[in-house]
Amino acid sequence: MDYVPHSQIPGHKSRQTGAVSLKGIKKQFNFKDRELKVLSEFSLDVQPGEFVSIVGPSGCGKSTLLRLIAGLDDTYDGTITLDGQRVAGTSLERGLVFQDHRLFPWMTLEDNIGLALTNRNIPKDAKAKLVADHIALVGLKGFEKAFPHQLSGGMAQRAAIARSLVNEPKVLLLDEPFGALDALTRVHLQTELQRIWLAQGSTMIMITHDVEEALYLGDRVVVMQANPGRITHTVDVNLPHPRDRASPVLHKLKDEILAELTHVPEPSNPVVRLIKGDDQ
Amino acid sequence: MDYVPHSQIPGHKSRQTGAVSLKGIKKQFNFKDRELKVLSEFSLDVQPGEFVSIVGPSGCGKSTLLRLIAGLDDTYDGTITLDGQRVAGTSLERGLVFQDHRLFPWMTLEDNIGLALTNRNIPKDAKAKLVADHIALVGLKGFEKAFPHQLSGGMAQRAAIARSLVNEPKVLLLDEPFGALDALTRVHLQTELQRIWLAQGSTMIMITHDVEEALYLGDRVVVMQANPGRITHTVDVNLPHPRDRASPVLHKLKDEILAELTHVPEPSNPVVRLIKGDDQ
Amino acid sequence: MTLKTLNLNAFKPVWLLGLIPPVLFLLWWDHEAAKGGANALAFVSLAQVSQALADMLASGELGLSYGSSLGRALSGLLIGGGIGTLVGIAMGLSKPVEWAASPIYNSFRQVPILGWLPLIGLWFGSGDLSKLIIVALSAFYPTVLYTFEGLKQVEARLLDVGQIYRLNGWQTFWRIQWPAALPSIFTGLFQALAFTWISTIGVELLFSSGAGLGALMQQAQLQARLDIVLVCILFVGLTGFAINFLIKRLSQHVLSWRSIRA
Amino acid sequence: ACGEKPASTPAAKLPAAVTIAAISYTYQGKPTFNGLSQVVINQGWLEGELKKNGVALNWLPVPTSVGGPLINEGFAAKRIDFAGYGDFPALIAKSGGVDIRAITSSGQGNNAYLIVRKGLEAKSIEDLKGKSLAIHRGRPWELTLAKLLDSKGLKLSDFKIYNLNPQAAYSALAAGKVDAVFTLSEAILQEDKGAGTIIWSTKSNPEWKMRTGLFARTEFTTQNPELTQTVVNAYIKAAHWASQPENRAAFLELASRGNNPTSVLERDYANEGGDWNDHFSPIIDQGFVAHFDDVSKYTFENKLVQKEVATRNFIDPTFVNKGIDELGLKGFWKETPVTGPVQ
Amino acid sequence: MTAFKLFPPEVLVSPTAVIAAFGEVITTGELQRHLSESLTRLAGGFTIGASLGLLFGLALALSKTVERLFGPTFQALRQVPVLAFIPMLILLLGIDEVFKIVIIAKAAFFPVALAAYDSVKGVPKSYFEVSSLYRAPWWVLISKILIPATVPNILAGVRLSLTRAWLVLVAAELIVADSGLGQMMEMGRQMFRLDIVMVGVIVAGVIGFALDRLFQLLQAHALRWKTA
């Protein structure tokens, strides 16, 4: 197909940096007296400025994976590097949109978003403008002074997206960012995300349950399976951005991925493999 | 089209009761020093045993509406009745799946689901069995003793669904119940929900952002618009249950609804009409 | 029209309900007082109490004692509460401080003041400073406890957000931990308020005598002047109530972000 | 440079302040001291004299309820130099190793009373056998009770003893929850209020009264004999003032700022055949010494103190004797003074 | 060896003196007697006061009517020292154990009641909504939702109330008692036996500390869902 590397897409600001590499990641949780294997031998290389979508069944370890990349959890085996540097702790270079919005209940919408800029060395009114722009971007104008409990589910999620975007991180990790949004708002925000991605040349890793969305945005779609969480399939989407949602290529790929996702023994009832806590 | 009233669908246990009627509902929030009109002249009649899907933009008042029907908030104008009886307070007849899962963090999954049965007069082991069955239904076997923070986003949402189903309410209100679920689990749970609905003959009112889902499950799809929240359109889906997802009728209706949803001035940036707090 | 009545309803003085128990209590009291006999020694008639109130106000005795006690209670609350909050923060934020301080704190807390009196007298004399120290201690204990507990309860999921945005220690504290702990800290403050009042009264009996409601009450009891005792109780109770009310207002304002039952 | 030579001028040796602790009450929001201390303050003489030497005068008001321990701890901590208080706590401090001594007496001492509840037919302490008796343990008048019991061949265990502080004791008496209370002059007030009847008091046995006096830290008296003398003289002057019959009303008014109204004080002070001025005699006389001998023996025998106190180390009449001479008051009070230091 | 030479040994008693005094009060059986008396009183007063306080605090937080009726009285009364009511209490209760236990119970009551009231008032509305949705009866609401949601704060109240109970126990033993730790300390002080006072301090501190640890374990148990 007429694949154009995204670095050659007009308007795509190419970056040399932002390469995320995961090698042999193993992660388990202590669950009661047993060990729950969540990720096993998980390896993935993401190019600078690449957009990777991840799809996979509920509970397969997607959120866990993002937490590891973000540096929120370092109790795992294997290595995670950003541009060759081993990831240790969090960094403003790696942004994260949590699956739940995690707005601070005591801050107004404005302050919640402003929080992301606390440690950015820019003048106060530039910060205020950035915040205002991002509130407008996610369609929350008029709610600057609202507390989180006064927002609807979708509004809170949009606020969380704004918070992560305002920072322009080199790598942005998104955990089902559009899950609670209606079709229209969703399309709008997908477009905006793509525009920002193209403009900033940042690396994006996005978890989604919407295969269409994964294909529409991603340079690559990673399909995961559970027990333990691992990659079963990777789909390259060799289409230029922005794409035509109705493109037959995308439709074909969608059917392929959905088939892959349904091709699981007992898919609807993911049985958990609980391993006795030995040190195997 | 060959519409079959659901009461005549084989296996659909017909109920005489479960009629929900909303008349001239007005609801507003005090937002800072102003009033935020959320619902205005909202009226809807739901037949006993009917499945109504509601779609609409983020923040248009869908969750607020369900809260009113559930009886969690009685500061509104207009009347809401269930089988002619005015709704006052909550009742076990009206179940609700919240948009956020609202599991109690200190209870195990099992106990969280069991909580719904506290007031049901059935023997202890029958309760235990009910709980276990519903845990299996949503595919969470093995996690009975897990605390909510040990669950993934989708798992928590499934637990919340189980909690609301275990009670077999006459009217079940669902607020984006499948939002955080992967395609497969979603299809599975849609099927299960439909099966339960058919078997119990309960009335269902479901909010969703997935128009396909709305059409696949609903006898009727209500399309809302924001500022203030109101019904702009109602689509009857005259197809027997269970339906064929690929049905062209559904596809046609989907396009129609999506067009309706996109046909809003400034749709991506819902400007809020904030009315000065005078006494109109 | 309807709006007017509505507004009136909104201003319906439901708070008057709160007067029912005290009024009933006073009626019962007066009834008991009227019985005479042994009762007369434990209950004095309200008429006598109001007479005493008038006398004490006129002589300036009440004003002096009240002012002195109020000053002591408020400064104790401020000092003890302030230091307590700081110590609670230190213990809540730093594990080593917690390990080092918590056993001392938790055992000292349980030692009756009586045991400390000789030492406090030795170090600080038996004047106003010692009194202030004990009052401040009584505010110190609850504030430490509640500040510490409040900080311990901050949800990890919210701290995660702070990490993502690389908040430094101070920012994490000020933007996340402090607001999250505030409801608990206020509870501690409410507790401390009562303890400072009670110990203000008590401490006036333990060290050098001087102006104060406690001294006044103690002496009135020896003189079998229950009317004076009651006037003092009235002032202690009402003042406590008023300060409580003010702090409540403050807390409602500061904690307005909470989505709680009205 | 100043500190090189041992300071030879008396001014350099003097302490910055003299602190006197005394039992006090709160009167109209301000402390009012018990007995002669308030007279000393009112006269202002002591303050003036000390000021001449550049020494300040501090008064430490001590509430009755905790007077003893507070003063003892103050002495031990060297926070106070003089204190006017009772025999028993002073002796306890002395026995506990705090070096203090009595340097004046405060007259004949305080009366103790036995009051029984209304409606109880009891004429004497013997009638109370098996009944409940309230007393605040460890307070000076416990000795008086002990002597009373001793004289009748009774023991504490012959009664149902309640250890109640005075306030509680009076309430309990009024409520009829105890049969009798052994206490100080407030008993008269309670009787007036109708809470009970006084059936015995030290008026019938004045030698059992609780004695009070001015006590001083020995270290202070040896280092600052002049200052000590000034303080003692001030107390003698106060006693002299109070002893004047024409000042009786004024003194009682001062005293009534404490727990008892004048009407009660009148009766408490009503003397059994003696003169008004006997109440204030500062002289350390044989009776005073004998009393302390008694107290010392009793407290040791009853294991209330661990070391027996030798009275001769505890009583120093030199200052008061000298003061009376200096002030020309020899013979003003009638008791025979102990001559010379108690040996 | 006393660490602070600055202070006269009579006041800051040396550890050896304290140990000796310890031996003394233990061999004479005095300590055991005082301690058992005090602990019995404490157990009675504290249990009654704290449990009533919990119930009252919950009622105050949950019922608007109760709050309106009793809230102001509660807020005023909790700041009034019991000392002021001694004559009335003696008239009503006499001077035996009941009196002491009531005084201790009063002291234990208010901190728990306040803690329960204030923390339940702060419970997120969403918890009440879920409970109301499943029409959980009040005892389920309290035991399964409100208490777990407020464990640290209520337990802090209970811990404070234990402190208060100790304190007031000693005070009550000063007003009326022949035995008890407070009485022992007070007599020690009257008799200038600061070594015995220190024994009391140490015993009270150790027991208080032990009880407090117990509460902390309880809390850790109740909060195991946070870390499990």
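Letters A, B, C, D and E name the chains as they come in the text, with residue numbers starting at 1 for each one.
Simple rule for what comes next: a contact is a pair of C-beta atoms (placed from the backbone, for glycine too) under 8 Å apart; a residue touches a chain by one contact, two chains touch by 3 or more.
The model shown is predicted, which means the values in this text are computed figures rather than measured ones.
Novice: Any chance you could name the chains that touch subunit A and subunit E both?
Specialist: Shared contacts of subunit A and subunit E: B, C.
Novice: What's the farthest chain from subunit A if centres are computed as the mean of the Cα atoms?
Specialist: Relative to subunit A, the chain whose C-alpha centre sits farthest away is D.
Novice: Where's the contact count highest, between which chains?
Specialist: Top of the contact-pair ranking: C-E.
Novice: Just grab the chain with the largest centre-to-centre distance to subunit B, centres being mean Cα coordinates.
Specialist: The most distant chain relative to subunit B turns out to be D.
Novice: Measuring from the mean C-alpha position of subunit A to the mean C-alpha position of subunit B, what distance in angstrom results?
Specialist: Roughly 28 Å separates the two chain centres.
Novice: So, what's the distance in Å between the C-alpha centres of subunit D and subunit B?
Specialist: Subunit B and subunit D have C-alpha centres separated by 85 Å.
Novice: Would you mind pulling out the distance in Å between where the CA atoms of subunit D average out and where those of subunit E do?
Specialist: 38
Novice: Between subunit A and subunit C, what is the gap in Å from one C-alpha centre to the other?
Specialist: That gives a centre separation of 50 Å.
Novice: What parts of subunit C, by residue number, touch at least two of the other chains?
Specialist: In subunit C, 38, 41-42, 117-118, 122, 157, 221, 255, 258-259 touch at least two other chains.
Novice: Please list all residues of subunit D that touch 2 or more other chains.
Specialist: Residues 69, 73, 76-77, 167, 171, 174-175 of subunit D each touch two or more of the other chains.
Novice: Multi-chain contacts only, two chains or more: what residues does subunit B have there?
Specialist: In subunit B, residues 100, 149-150 touch at least two other chains, as defined above.
Novice: List the residues on subunit C that touch subunit D in their complex, please.
Specialist: Those residues of subunit C that touch subunit D are 38, 41-42, 59-65, 68, 117-118, 121-122, 125-127, 204-212, 215-216, 218-219, 221-224.
Novice: If you look only at subunit A, which of its residues touch subunit B in the complex?
Specialist: 29, 31-32, 55-59, 62-63, 99-100, 136, 139, 141-143, 145-146, 150-155, 158, 175-176, 179-186, 188, 209, 211, 258, 261-262, 264, 267-272, 274
Novice: For the complex, which residues does subunit B have touching subunit E?
Specialist: Against subunit E, subunit B makes touches at 70, 72, 89-92, 95-96, 98, 100, 102, 104-107, 111, 115-116, 118-119, 147, 149-150, 167.
Novice: Over in the complex, which subunit E residues touch subunit B? Could you list them?
Specialist: My answer: residues 126-127, 129-130, 132-137, 140, 144-145, 148-149, 222-223, 225-226, 228.
Novice: Of all residues in subunit D, which touch subunit E in the complex?
Specialist: 68-69, 72-73, 76-78, 89, 92-93, 95-98, 137-139, 161-165, 167-168, 171-172, 174-175, 177-178, 304-306
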